[in-house]
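Both complexes below contain chain A, partnered by chain B and then by chain C.
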Partner chain A sequence: MKPSRVPMIVTWAVILFFYLPIVILVANSFNSSRFGGSWESTSLKWYIRLMQEDDIWHALQNTLFIALSATLVSMVLGTSAAFALHRFAGSRLQKLHYSIIYTPLVLPEILMGLSMLLFFVALKVQLGLVTIAIAHVTFCLSYVAMTVLARLQDFDFAIVEAAQDLGAGWWTTVWRVLLPMLAPGILAGGLLAFTLSIDDFVISFFVAGPGSTTLPIKIYSMIKYGAPPLINALSTILLVITFTCVIVSQYLTQQEPKAAK
Partner chain B sequence: MSEFLEFQDVSKHYGDVKAVDHVSLTVKQGEFFSLLGPSGCGKTTLLRILAGFEQPDTGRVLLGGEDVTDLPPYERKVNTIFQSYALFPHLSVWDNIAFGLKVAKRPKKEIKEEVAKMLTLIQMEDQAWKKPDQISGGQKQRVAIARALVNKPRVLLLDEPLAALDLKLRQRMLIELDLIHDEVGITFLYVTHDQGEAMSLSDRIAVMKLGKIEQLGTPEEIYEAPRSSFVAAFIGDTNFFDGTVAEPLEKDSVLNGFLAAAVDKDYSRLKIEDFPDLECFNDKQIKEGERVFLSIRPEKMRISRERPATTPHLNIIAGTVEDVIYLGSQTKYWVRTGDYRISIIRQHSRFLLDEKPIRWHEEVWISWHADDGFMLEKYSAQDENLIQLPPEEVGENPPSLNGADLAGSATAQ
Partner chain C sequence: MKAQRRVRVFEWLVTLPSLVWLLVLFLIPTVLVFAITFKPATPYGGIGSGWTLETLRTLGNPNYPAIVWRTIWLSVVVTALCIVLATPMGYYMARISPRRRQMVLLLVILPFWTSFLVRIFAWKVLLHPEGLLKQLLVFLHLCTPDTSLLYNTFAVLLVMVYTELPFAILPIYAASEKFDFRLIEAAKDLGATSFRAFRAVFLPGIRVGLLTAFLMVFIPSLGSYVIPDIVGGPTSEMIGNKIAQRTFVDRNLPHAAGLSALLTLAVLIPMITITTLRRKESPKDALREEGV
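Moving on, here comes the complex of A and B:
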């Protein structure tokens, strides 16, 4: 009997559905025509124009600053949270803690953005880069915590005891054993957080202040003024960064901690 | 040899569970000492207390005369081999072994020399740069040993180190451990639930049950003269018989031509239901009328088709063969006599094929010398579950004793 072709057809349909719009966008970014409808010639014209737009460079700087600081902070906080969740799993406090960490993954962004805005306004905090970064930490942290927690599930804590047994104090154990072993997990979570922060629009939109325009917000406003070819080029660059991060992150999570068995 | 390692009245509770219950114990320098017992007997807790991973509720731990009870694990001159090996997966074999020396900030040259020495000891010079996941289970085990020994610990702690290995490898590592112990001369404290491992390696064994030491002695002492039914059943197989001590034996000795009928306090008669009167060595001087439990190892009994000739102190009873398991070097028989199912092992030291083998349902004679059984005052019915039963009997009540009769003396486990 011949194997059915249906799964193959469905797979291709899904891939087309997901990626055709993106492929068209990427292709158009190399189209020298101003309008997406017709193909003039292949050129890097829009990329060169992009370089000359100071506003975009400024927005990119803002975005990277926010993404990097939010990622670093959430790597530290997320890892600590994961340790607490793992070590004291089962206690009532940690069950609550788990729900609190997990909720941002499913909470509507608009709700988070709005509540954050009200919070900052109530505290009379000047809106700007710092408020966006803090807002990003709230959801980035959850991703780091979940990735590290998964890694801790099959971590053999006898290894920590072994280090102490061999004369390593608390700090040496963390530095020479725990961190190197958990680094792939922490890094994978960090990269995931980084990609999420880079293209976050909704939350950033709520808590942004004057002069703190991020790249997604910039793209949104550019559409209003109507500069599609530039946006195509910009989106393509963003796409490349995101894909790279996701692929590296997946590679890192696939490396199982081997000593577990 | 000095008293080198000392537990003084050590206790440890987890909630309501007494993991270690007022244990006092001394280990001599250079000794291979085993803590043996079923899971939950407190043997691992005791080891972890010495390693410093657990704090005892009461009592002190002394190492070479120095009180180490309150020292953290990294300040104790002891090293542990973990059941899971706990090798550092991100470090090579070489770096794993060097870990302790690096942490102690020893000079680089010394580290190189010491690690090289260890690699030679475990015969893994050519695998030094492999990661733990690239080597076999037995090799991991050897790296774990080297990683501990390179620090020259005063005591090496081994926590079920062979449990994760398959049978063949286990037997090989057993020999290797023994050789390493002979070579380095360090005190070994070995925790295991496997009586075979403990018996073959140890200078002395402490058999533990419910947080207490049930018996302490050399492997021979513990096997030949167990002090309780638990030890008798846990170390090797045995048969238990429920009986009452009767009058001491008369000594029919011919002395200078006179027949002297004297009372021999060394032997007593023993009354067991369904059996003819038996004789048993009574070194504990258990009094007449006391209830006792007679324990006889399967290999100390003879089985024969013909009734053996009566000789002094030979006990002979009749029975019916219920099961025969041929194991090559030996055959295991289960013989029914009254309510008892008696296990007997016969070693085949002569060519077997010329014999007419004993088969199922045959009427046979069982005999043993009075010196080979021993009487126990304490008995706990649960201890008997530790005895190996033939496959079809597993799950039933202990066959060689009527359980109801003894339920009262059973201790909770």
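Moving on, here comes the complex of A and C:
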């Protein structure tokens, strides 16, 4: 009996569905007409306009500041959490620890956003860049912990014992053996945290204060209140950046097993 | 004895940083949402002192049952569509050559990593009254020039499926990859049709992946807010929109808290059910799937 063609057709139809709006968006960013309906002429006019928007550059600075600080803190907390979850798996403390790390991954963002806003309001904390960064650490932590935990599953702890048998102290073992071997996992988690932080809109919007506009908040207000051609151009730039990052990181992780052999 | 105590201390040492962070910034705020539901709102948008049942009374708003109902059925339809599309994709991706598989996987992951707002905006451009799709449909006489593709429930549904689909594809693909396809050959040798083998052998085989996909799509869908806000209209509002309106438009935080408390309860029920179902299945598999 011949295998059914349905799965193949569905797959390629979905992929077409994924890329159709993106392709049109990119094409429109080079269209000098204000609305995408007709093609006036090919131009870089919207890109040049974009360069002159100071607000966007300021928002980008805020976004990068938040993303870098949230990534660093969540990498430290997440790695230590993953280590605890793996090393002491099965203990009652770790069962509790696991559920509190897992829940933020599935909970809708809006719940986390509002609950943190209420928390900051109740404590009379001034809303701003710091509150956004704190909120970002809270959700990035879980992603880093899960990524590192996945790496730890294939980690051979005999190496740690070997190091200790050879006279390495506790600190040396962690610093010279464990961390370098886990580095790819920690970096992958960090990269994920950085991307999620840069892209986050809902949680940031809830805990943002005056003067702490991030790039997604800026894009949201541009979508809501006009300036479509500028967002086309800005979106295209963001698309090029993320596509390059993903393809490069895919390439790097594919090379890795070969290098290990 | 002493060594054992040192191990205990070490366990607490590596557990405490993340545990304390999440207790203070995740668990306490979540409980706080329930508490603030019973607090009065102050006229300038803060939270008053004392306790009141005022919010509970206003939650009886006659508009709310319709919105709650819409939130649930939209999420159910989105989840069903995502799983129906993702299952044949998982099947296909698990059966092609590793080189091709790598390429298809990359094509699926790319939009998943792309800015969420950019993807929603791309649909707004495409569905725009002067956009390409509308002109094409009018040209093909499939719609009249005054039908609106934007600002309705259809647009919300379409864009929700678009953004949630990767969350269904990845766990279903992960489960399909581990599935032993010789079982399908065996079923066919025993006289099953392709469809019967798919339904009676493949689907039960990837059960864990299907459950994870359900969880990953259904729960975030219940909390959707940005999509109905950008491509939806007044007739396609969901609970998330109401929470945002109470927070940003009328600044009534206890009321927003009341709606959030309701949503939290709605989310916990499917979450606990699925997690226990999956634990029974195979705890190790579940752990791996969550790593996606």
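The criterion applied here is as follows: the second predicted complex is superposed on the first by the 232 of 261 C-alpha atoms of A that agree within 3 Å, B and C clash if a C-alpha of one lies under 4 Å from a C-alpha of the other, contacts with A are read in each partner's own complex, and residues count from 1 in each chain.
Keep this in mind: a contact is a pair of C-beta atoms (placed from the backbone, for glycine too) under 8 Å apart; a residue touches a chain by one contact, two chains touch by 3 or more.
Everything quoted here is computed from the prediction, not taken from an experiment.
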| item | value |
| --- | --- |
| First, second, both or neither for A:191, with chain B first and chain C second | neither |
| Touching partner for A:202 - first (chain B), second (chain C), both, neither | second |
| Chain B versus chain C as contact partner of A:70, first or second or both or neither | neither |
| Touched partner set for A:152, first chain B, second chain C, both or neither | neither |
| Which superposed partner A:133 touches (first chain B, second chain C, both, neither) | neither |
| Superposition-derived comparison: chain B or chain C, residues of chain A touched | C |
| Partner chain in contact with A:250 - chain B first, chain C second, else both or neither | second |
| Contacts of A:161 with chain B and chain C, given as first, second, both or neither | first |
| Touching partner for A:180 - first (chain B), second (chain C), both, neither | first |
| First (chain B), second (chain C), both or neither touched by A:169 | first |
| Sites on chain C touched by chain A in the complex | 11-12, 14-15, 17-19, 21-23, 25-30, 32-33, 36, 46-47, 85, 88-89, 91-93, 95, 102, 104, 106-111, 113-126, 128, 130-132, 135, 162, 165, 188, 193-195, 198, 215-216, 219-220, 222-226, 230, 240, 243-244, 247, 253, 256-257, 260, 263-264, 267, 271, 287-288, 290-291 |
| Complex interface listing, chain B residues touching chain A | 51-53, 72-75, 78-80, 82-90, 99-100, 103-104, 131-133, 147-148, 151 |
| Touch list for chain A against partner chain B, complex | 156, 158-159, 161-169, 172, 176-177, 180-181, 257-259, 261 |
| In the complex with chain C, residue positions of chain A that touch it | 1, 3-4, 6-8, 10-11, 14-15, 17-22, 24-25, 28, 35-37, 76-78, 80-81, 83-84, 87-88, 91, 93-94, 96-97, 100-112, 114-119, 121-122, 134-135, 137-138, 141, 145-147, 149-150, 153, 195, 199, 201-202, 206, 216, 219-220, 223-224, 228, 231-232, 235, 238-239, 242-243, 245-247, 250, 254 |
